Each structure stands twice: as structure tokens, then as C-alpha cells.
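The structure under discussion is supplied below as C-alpha cells; questions concerning it will follow.
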């Protein structure tokens, strides 16, 4: 792999990047790729105490280290209150971050039950249009976030069906360890955001694609040539 | 629960009824419900040796006993060769079986990658139209079959998104034991039809609906009144 | 039926609950079920005169009595101006009301042409996630509102196709009487919100499901076990 | 209206043309348009007695006269057994009939629960491709057939949502009289193919589009210029 | 064609009306139809310098003259900042303009990547409901805007598939000349909004429908009778 | 690029591989990739004269040479008569060919208006399931065939929306030359299968993705890791 291959993972909140793409990030960074995580919203006032903010950022840094993230950017919009920022300002902040990273691969949240996920998805879609920086993006895809993504209304709102599955059999344990760093965000089984549910989803996605553990994505735009794959 | 509540599970091939609804059947029969499994096709000549047919039927009887099935009907159409029977004869055979059972609840396969699943789905849809026997069906739903159902083409063919999830936390082990009866149909992990993948799917479906293990269904028609539920 | 079975019908404006589910409510309450109607928005200033508000609330009370509603809650957000309330406050108000009722069955408006219907649908979807109170909801479904629901853009926005039809042959006249209580909201035929159109829709929905008159719903999540139906 | 405007209505079986488009035909012929009905399948052996065939054709002629049909063509494929004819022969027969009529407007059945409707839809789609005769077709649309069309699986198979509604307030009684000619095909209310259900559907479709009674269609291709409408 | 036939084309920004419907407008006006263009947003402060506003309005007037527009209305909402106007005010402004024109045909933007296109689409959908003025609209359709419309997320957001194609072989050069009037909005090939891309799209749309050059539309509601076409 | 990277393009009839993927093939082979074209059906008796068969195969060999195809396999099923072969035999023939090639990338026709395209799509989907040979396929996608693919019924049948666009600016002329080899299959403009329409589609697809000329695909399954791209 070229040492210059760069991937940007956009997380609405700390933990989404690991839930959706932790294994893919770990495999990518292990192969020499450069990963940036752009965290857009924060668990901060007015809806959260500042201490929650500090804790989740600290957890994020540990989790990012676990999967080999090179750069962590935090935009610090207050969670659930994004709608109170003018749209062009919010989208502009995402746009500038993407332009600065100039990635080849971008992973976005899926537009789902959580309103922040939809706002960030929209911002990413605008910022990655195939003009300017966007022309150099080879692959743009949306990852799933356990619970939120699968709580979209069946047959009314977009329902997640992966067309890209990455074999994370070699990095599933790394993903689980990274998730464990988010102690404040993990809940005990049988709650939906449990370690058990996360592992089960990975095993199920693997079974769809012919390997042990996997992460599923919805491809939004790919422009790589057929010869730009490594056999 | 009324002792008269009857459920019919239509299986294209032996094992589909356990893969898709084994936990729901076990919970239903444990509560006093009467379950019939209608197995439509068989692993028989010309594509399979007769010994495979005998073995899978024997496995089916064990599996059915494990989950509390009352009646097992085998129509014995040769697998993958259903298209060579005139459509009205094939559909007629399914129709007669459904009329004979006169069920309140019908579980159908999902129309997926396996051509037999689509043929059986079509036969069930015709037989359960809301005329004649069909008028007494309170609930008609399609279950998922691990691997086949998730191999429909993303965004081109119907992709399974459950709108009905049954909590099978109390019967997950019974389901797994019933599946183990189908020794000839189970493959070792990481193959898609493994015990591990089946359990992972159940855990994932549970996480979508707020409990430990679940089975997901796509509701095709429900006519129960709102007061015909038990709190 | 258990005397404890509770149903919550969420109405964006007074009359939506009768248009969409009047017959189902009447049948449910007649069987001993307890029904709460949560009316979210009101025809109040700045877009409506306060007298309109008073009149429609008075009509609502009459209509609710006609179909056997036990409890009527009015949140009094100004119609068409919901977007001016911060999202987490608006959703929070719906959430608290649902938590207070702790229903087994929830009926939501369909996300359609009327912007308030979409806002309320979103609020209900967030409040009924399968965590906390949401875990006890056995059935969550969206009803149709004549005219608004069928004015969604064909093939661009979600188009209503019922997968649950309730036989309201025994309560169609009660539904019509309840609708007649909303004298200010009913228009003469051939206007879309006429008594004639409402009755025709019920007859058409009935014909889809094999009985005389019906109400159609789009199921969003069902978690009842198969044995939790009454034959 | 030009005296040369020609419309072709393709009916899988006798009565579908009235169920789906009787009011539109009557309005069109009253204005001087020329209507051909092409009936593809017949209620004939092996599944029906020849006397049924004769009766339904006689009923068709009466119904066609009632709505002003100019020409009635019967292809006489045996109902439900179309699959036993090689596809290119079946499609070829439809193609030749369409070429002979050279219509400006073509109304096709919707691909629904009845397998013959899907076969005929496919034949019409092939025959009307925008090459040869097909280039002169200004409008191609699919009509709904009460019951069959609304028995497609919700959210799995195509669900009918009209984007074209014709005001048949002036011809609703003519449509009902034409349907009454099909005495052998009409069932008493509350059966789905009742006169009451047919009228209710027309009233509901009217309410969607702002008039009293309507017929709904799904447009498959329109090529008229914006100036080729009459105000 | 009746001299009274009136068409309204709603453009979010100057140039959308030509990109999406320039050839159809030119053909319609050449046949004697009366065309109004309603331009909703403007390239004005705070995001654009006032000189950009003046320039694009001047370009619009030239372009409108080229295709035979009778009336040009500019609502002057600041581009990308529409969300800061209360929804009922924004929708009300569109509503009043439509009521004033009282058109038979309305062409709307498609709800796509550009947030203004979605806001205007919503406003048009509300204003054209089949009540009041909306009852006289015979045809309501959405046009495509090169680049923006085709940047909707595949299989997640509505993807443009035309069901109405107008043959603009006779007006393609007029369309291209009108587009050339928007010198500030046209970019050199291979940028997406190039003259070459615009012509290629027209040729491709023509090929879908059997003629040389075409414009594609998504029909939202048609209520013309079948006899209200000109052969 | 690894010299071992292998791509298989499955063509229902001679010319589909060039129409859909000629530029992508040329770019891939120029970079050292190995391309096999599997042509499934032939323009042969009973519907075509044997001389047509010979001519189209000869044209195919020229076209394949033009874009750098390494291996050409012809299965010689009679066009439009595939339905007369038992399904498991037809699918088996495709399966064996794919197993023999053992490709990393497979390009399939899109399931569209031409019944042979749907049969071949189905055969490819079965043969490439992620078991056995299928597990080594990194990318499976469907290409569009001008005219046929865009004649699927809008909003009823799958409508082509690309999520993968390959920049063929460097090979567009090679593609056009290869297409010119199919003299018997090309029609003069403004017919749909003209050189002009093919070039226009390429330019339009390019404009969607930010480059001059492109080919669009619908991804069916990708399993490459994020690091298996070349920057």
C-alpha cells in the first residue's frame, strides 16, 4: 500500500468511529495507512456537564491510540443542539476539516435515528461533492452505529444494507479493546450498546460476506479504477 | 393464550423453519400454541441422492420435536427444480395444505437469493390472500434465512429489514439445539451457516428491539385488533 | 383482554386521532382497553385566533368521549411553528408524556405533507426507542390522515402502504360520529376531508384485508410474541 | 380533441379494463377518442369450463359498449397457464396487437399478485419500448385492479401509488354500469371485488387529487410536450 | 394549443430553470404558451456580494428572453440562508406567487443535494396541494439540475429517474444559448456544470425516450384527462 | 498493480461488455490486468439466422482485441430462449465458467428490460455467493446497457443509479472504437443505441463524479480492505 493513503473517519460523537469502523481503521493503520478521526459534536453543555465532555474526549484519545489513529480533530459542537448553528456555518466547519486532511477515503455516519448523525451526514455529503477536494476522494461510504442506525423506521426511512464488507477477523479484538476504552458509553448486555451486541454484529456482517468478522458499509461514491485494487 | 391458536411455518427446505423461527416456535408451543411445519421442497433426485432426502427428513423430525412442533407436512417437490412443475399445480399444493391447517399465524420464507424461497413465498402469498381461509389469518410474516436472505442484491432486490422482533431469550438454547439436529446442514464457523452466525444474528436482532436474543420478521399483513394482544 | 392493556394515540392536531384510528380506538375501548390521546399542536396564535383553539379542544373532548378515550393530554405547541422550539425541548415534551402513560401500543402520525406530522413522528420515534419505557411497547405503528398522508410526493417521499388493517366494521358508525364532532374540521364532499372520503377510505382499506370497513397502519416495531395474540 | 387520438387498454382478463380504467375510457370516448381493449387471457380450459369463457366474453362486449370502446381484441391465452407459452411467442402476440392499433396512449395492468398481470405487464413493457411503434406513444401508464393490485407484499413488491388521477366524476355511473355487465365477476359486499369497494376506491382516489371520483394510474413513460395539453 | 395555457417554472436560483427545463420552456412558448419563472433565492448577502446578485439577475433576464419567458418574478431570499426564515413565511411567499399566476403546469426543482432545492420543493408541494388554486393544476413535475440532482446519495436519498421526457430536439440550441447567458454560472468542461455536460444529459435523456435530445422530469401529480392531450 | 489481478465481465449478448464497461476494461488491461469476457447468449437460431451468430462473434473478437481482453468465452445459449433451459443447468454453466476464471472483480449486467439480462444477472448472483470461489471476489458490480437498462419501469423496477464511477477519460476513444467493431449492433443517431448516445452517457456519468468521461456501476458486494486501494 502506498504510504500516502489517507482515510478520514467522521464521528458525530466520540465512540461512533469505533462502533462503525474500528476494525477497518485498525487494519488500515496496521498496513501503513494514515487515519484522521474528525469528531463533530461533544457531550458538553447545555445538555451535558463539562466533566462528561472531558471524560469522553479522554476516552476517545485512548480508543484512537488503540486502533492506530494518527490525528484526532474535535469540532466541539454541543450534542443535540447542532440545529441552533446556522447550517452554512456548521457545514463549513466540516468542509474546512475535510479540505485540510485531503483524504482518499472518507467514512461518514449513516443518516439515522440520531438527529446529529443526519446533520453530520449532510455536512459530509456537501463537503465531499466531486468538485475541489472532493475530486480526489476515491471512496466515500457510510458506516453503521449499533442501535441508532437500526432504529430508523422500517420501510419509511433509509434502512442500512451493506454493499461493502471489510474482513476484520484480524482486528476484531483490537476493535473490542478500543471500544472498551469508552467505558462511559458501553452498557451491559442485553442493552443495545453492549460489547456482546457489537461483537455479534461483526460476526453477522462477516457471515454475509464469507468471513469470520466484518464491518459493513453503504458505499456513497467510489471512483477508483478497477486496476486500483490490490489483489 | 387460547388453546386453539394455530401457527403454520412454511419451510422451503428442511432447516429453514429453525433458522428463521425456531425460537418463536419454541416460545409459542411452550405457551400452548399448536404449530405445523409445511416443508415444501426436498433434497431429493435429480439433484440430490435419495439418501440425503431420508437424512434431512429424519433430522427435521428431531428438530421439530425439539421446538414442540405438533404436525410436520412434507410436500416433496425436488429442490431447485420447482420451476418444472406448472405454477398452478405448485401453488395449488401449498394452498391445499394451508386450507387444511387453517392457521391464525403464517410464517413464510423471505423472497431471497434461493429460487425455491421465491417460489414458496409466491405460493404462500397467493394462498393467503384475504379471501376464503385467508380471511382468518391474523398475522402473516416472512422470516429471514441466514446467508440466503442476506445475499439479495443490495438496493436492487428486497433487503430484509425486520418490523417484528420476538424476544427469544428464553428459547435461544432450544433453538440452537434444534439447529444442531440438522447436522447435515450446519457448517463450521466461519462459514455462513454456522451455529456461531445463527447465535450472533439472534443477539443482533435482540439488540435492535431492546432484549437479549431475538428473531426478526417482515410483516406482510396483520389483521388482529389492537385489543387482541395480551399485555 | 387484560384490563391493563393501554394504548396511546399521538395526534399532531385535534382530529388526526379520529381520522386515522377512530374505529380502532372505539373497538379497543369497547373491549376494555385504556386509551390516551396526546394532542401535540394546537390551532392557536400566532397563526390562528385563540377562539379556534378553544373550539377545536372542545370538539376534541366530544370526539374522544364518542370513541371511549380515557385521558386527553394537550401539549399546546402552536401549529406550523413547531420548528421554532429547540428540537430537544419539543422531543422532550413528547417523551415525558409517553413515559407517563407507559403504553403497550402507540399509534403515531405518518410523516407526510404536513410539517407538524413529520415533527411529531420524529418525536415519537425518539421517545419510543427500545430503551427505558420503550422496551415495554409491544406495538408501534403509524396511521394515515386523509389528504395529508396521500399528498406525499409519489416515489420520492414515503408513500403509505398498510401492513396492518383493523376490521372496524363494528365501529365505523362510531368513528363517523366522532368525526362529526369536529364540525370545524370537516368539509363538504368533494373536498378531501369530507365524511364521504373518510368512509370511502375505510371501505377501501377493508377491501384490501377481507372485511367491510378497516383502518390501515404502517407497523414501525412489534415485539409481541406469537402466542400473545388472542385467536 | 383531435378525432384521431387513440387509446389502447390492455386487460389481462375480461373486467380488468373496467375495474382499472372504466371511467377514463368513458370520458375519453365521450370526447371523441378511439378506444381499443386488448384482452390477453381468457377464463378457458384447462382451468375453466368453456362456458365460462363464452360468458365472460359476452359480458365484456356489453361492458365495452357501455363505456364506448370501438374495438375489442381477444388473444385467448388460457388464464394462469401463460407461463407454458414460450415467452417470445406470448410477448410477440401482444407486440403485434399494439403495432396494429398504433395507439397514442396505452394503459397496462400493474404488476401485482396475479401472475397473469405480471406477464402482461412485461409483454406491454417490451412492446412499447421507444423504438418503432413505441416512439409514437405519448403516454404509457399502469392502472390498478381492486384486490389483486393491493395484495402485493407491502414494502417488498411494488406498491401502487398513483401519480396520475383522472377526474371521473362525470362518468362514475357509467363505470359502475359497465362493471355491472360483468355479473359473473362481481361479488357482494364485503367481498373485495364488490361494487361498493369499486366505488369507494374511486371516491378515495378523487379525494387524493381534489375532485369527487377518480381513477389512479402509475405513469411509466410520458413524452407529450408541455404544450400538448388542453387547458 | 389554447392561448391560455400557463406554465410556472420555480427556480431555487437563477439558472436552474434553464438547466432543468430550458428546452421545454422554449418549445412551450414557441407554441403560444405563457411561461412565468419564479426565482426564489438570490446570490446576495450575507454569503454573496450584492454585485453577484445584480449580475445573476441580469443574466436571468437575458436567458428568460432567449426561451420566451413572459414574466420573471424574483423573491430574493438569501441563498443557503433560507432556513433562517420561519417556514410558514417562506412557504407563504411561494404560495402567494403560485396563486397569483394560477398556472396549469408547474415545474419544481427536485429535492437534492442543495438544501435550497429541498426547501423550495417543500414550498411548492405545500402550495400546490389539490385544494384551492392547486385544483386547477393539470401537471406538476420536478426537473433535474445537473450536478446537484445527481449528487443525492445513491439508494439513501431520492434518486432521479424520469417518467416524463420532452423531445427538445427542436429547441436544444435555444436552450444552450439561454444557458450561455448565465456566463457566471457556467464552468469549462470537464467541470460538472459545463455546456458539454448539459448537452450530453439532453442527448442521454433523448435516447431513453426515443428521440434526439430530451429533458427528463419526475411527475408529482397529473390530473389531465386522457382526452386532454393533443395527438 | 499486481500482475495477477483478474477481472471477469459477463455479457448477456455480444456488445453488452463494451456498452457497459469498455472504457473500464481498456484502462484495466492497459495497467496490466487480465480480462475475461464471458458471453452467455448468442444471436442464433431459432430467433436469428446462424449467419448473424457468426457475424456477431467475429465482431466480438475484434472489439475484445481493441480493449485488451485476454480471453473470450462464448456459452452460446440461444438469445431470448434461455427460459427453455432448466434453471440449474443454465446457472450451472455460468457457475463453472466463473469458477474456472477465479476472478477478483466481476462485472455483471444490470437486471433490466431485456429478459436475458435478468437471467444472466441471476446466474451471476448465484455463482458469486460468498462461498467457495465467491469468497475471493473483491468486487462485484453491475454495469448499465444503454437503452435496455434505462427502459426499466420508473419506480416499479430497479432503476440504475451508479455508486461507482470509473474515469475513462483516457480510454473513451478506445471504447468508441471497440463499439464501432460491432457494426451490426450500432444504429444511427437519434436511435438509442447510437455512438452519440453512448458518448453522451459517458460524458454525463463523468459529470456526476467530477471528471470528463465515466462509466457507472451499481456495486453488489465489495470486500476489499480500505488499505487495498492504490492512492
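In this document, chain identifiers A, B, C, D, E and F correspond to the written order of the chains, with residue numbering beginning at 1 in each.
Here is the rule we go by: contacts are C-beta pairs under 8 Å (C-beta built on N, C-alpha and C of every residue); 3 or more make two chains touch, one makes a residue touch a chain.
From a predicted model like this one, the values you see are computed outputs, not experimental measurements.
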Original post:
Starting at chain A, what is the smallest number of hops through touching chains needed to reach chain E?
Top reply: 1
Subject >> Set of chains adjacent to chain A and to chain B >> reply: C, D, E, F
Subject >> chain F reached from chain C - shortest hop count over touching chains >> reply: 1
**OP:** By the contact definition above, name the pair with the higher C-beta contact count: A-D or D-E.
**Re:** D-E
**OP:** List the interface residue numbers of chain D and of chain F, divide the shared ones by all numbers used, and answer same when the ratio is over half, different when under half.
**Re:** different
Original post:
Where does the A-E interface recur among A-B, D-F or C-F, taking recurrence as more than half of the contact pairs being identical by residue number?
Top reply: D-F
Subject >> Rounded Å distance between chain B and chain D, as computed from the means of their C-alpha atoms >> reply: 37
Original post:
In whole angstrom, what separates the CA-based centres of chain B and chain E?
Top reply: 50
Subject >> Touching two or more other chains - residues of chain B >> reply: 130-131, 147, 151, 154-155, 163, 192, 208, 210-211, 219-221
Subject >> Category of the chain touch graph - line, ring, star, complete, other >> reply: complete
Original post:
How about chain A: which of its residues touch chain C in the complex?
Top reply: 47, 80-81, 83-84, 113, 115, 147, 151, 153-157, 191-192
**OP:** In the complex, go through chain E and note every residue touching chain D.
**Re:** 1-2, 4-7, 24, 27-28, 31-33, 104-105, 130-131, 134-135, 138-139, 163-167, 208-211, 219-231
Subject >> Of all residues in chain E, those that touch chain F in their complex >> reply: 146-147, 150-151, 154-155, 159, 161-163, 169, 189-190, 192, 194, 196-197, 199-201, 203-204, 206-208, 210-212
Original post:
For chain D, which residues count as touching chain F in their complex?
Top reply: 86-88, 111, 122, 125-126, 129-131, 142, 158, 218-221
Original post:
Where on chain E does chain B make contact in their complex?
Top reply: 154-155
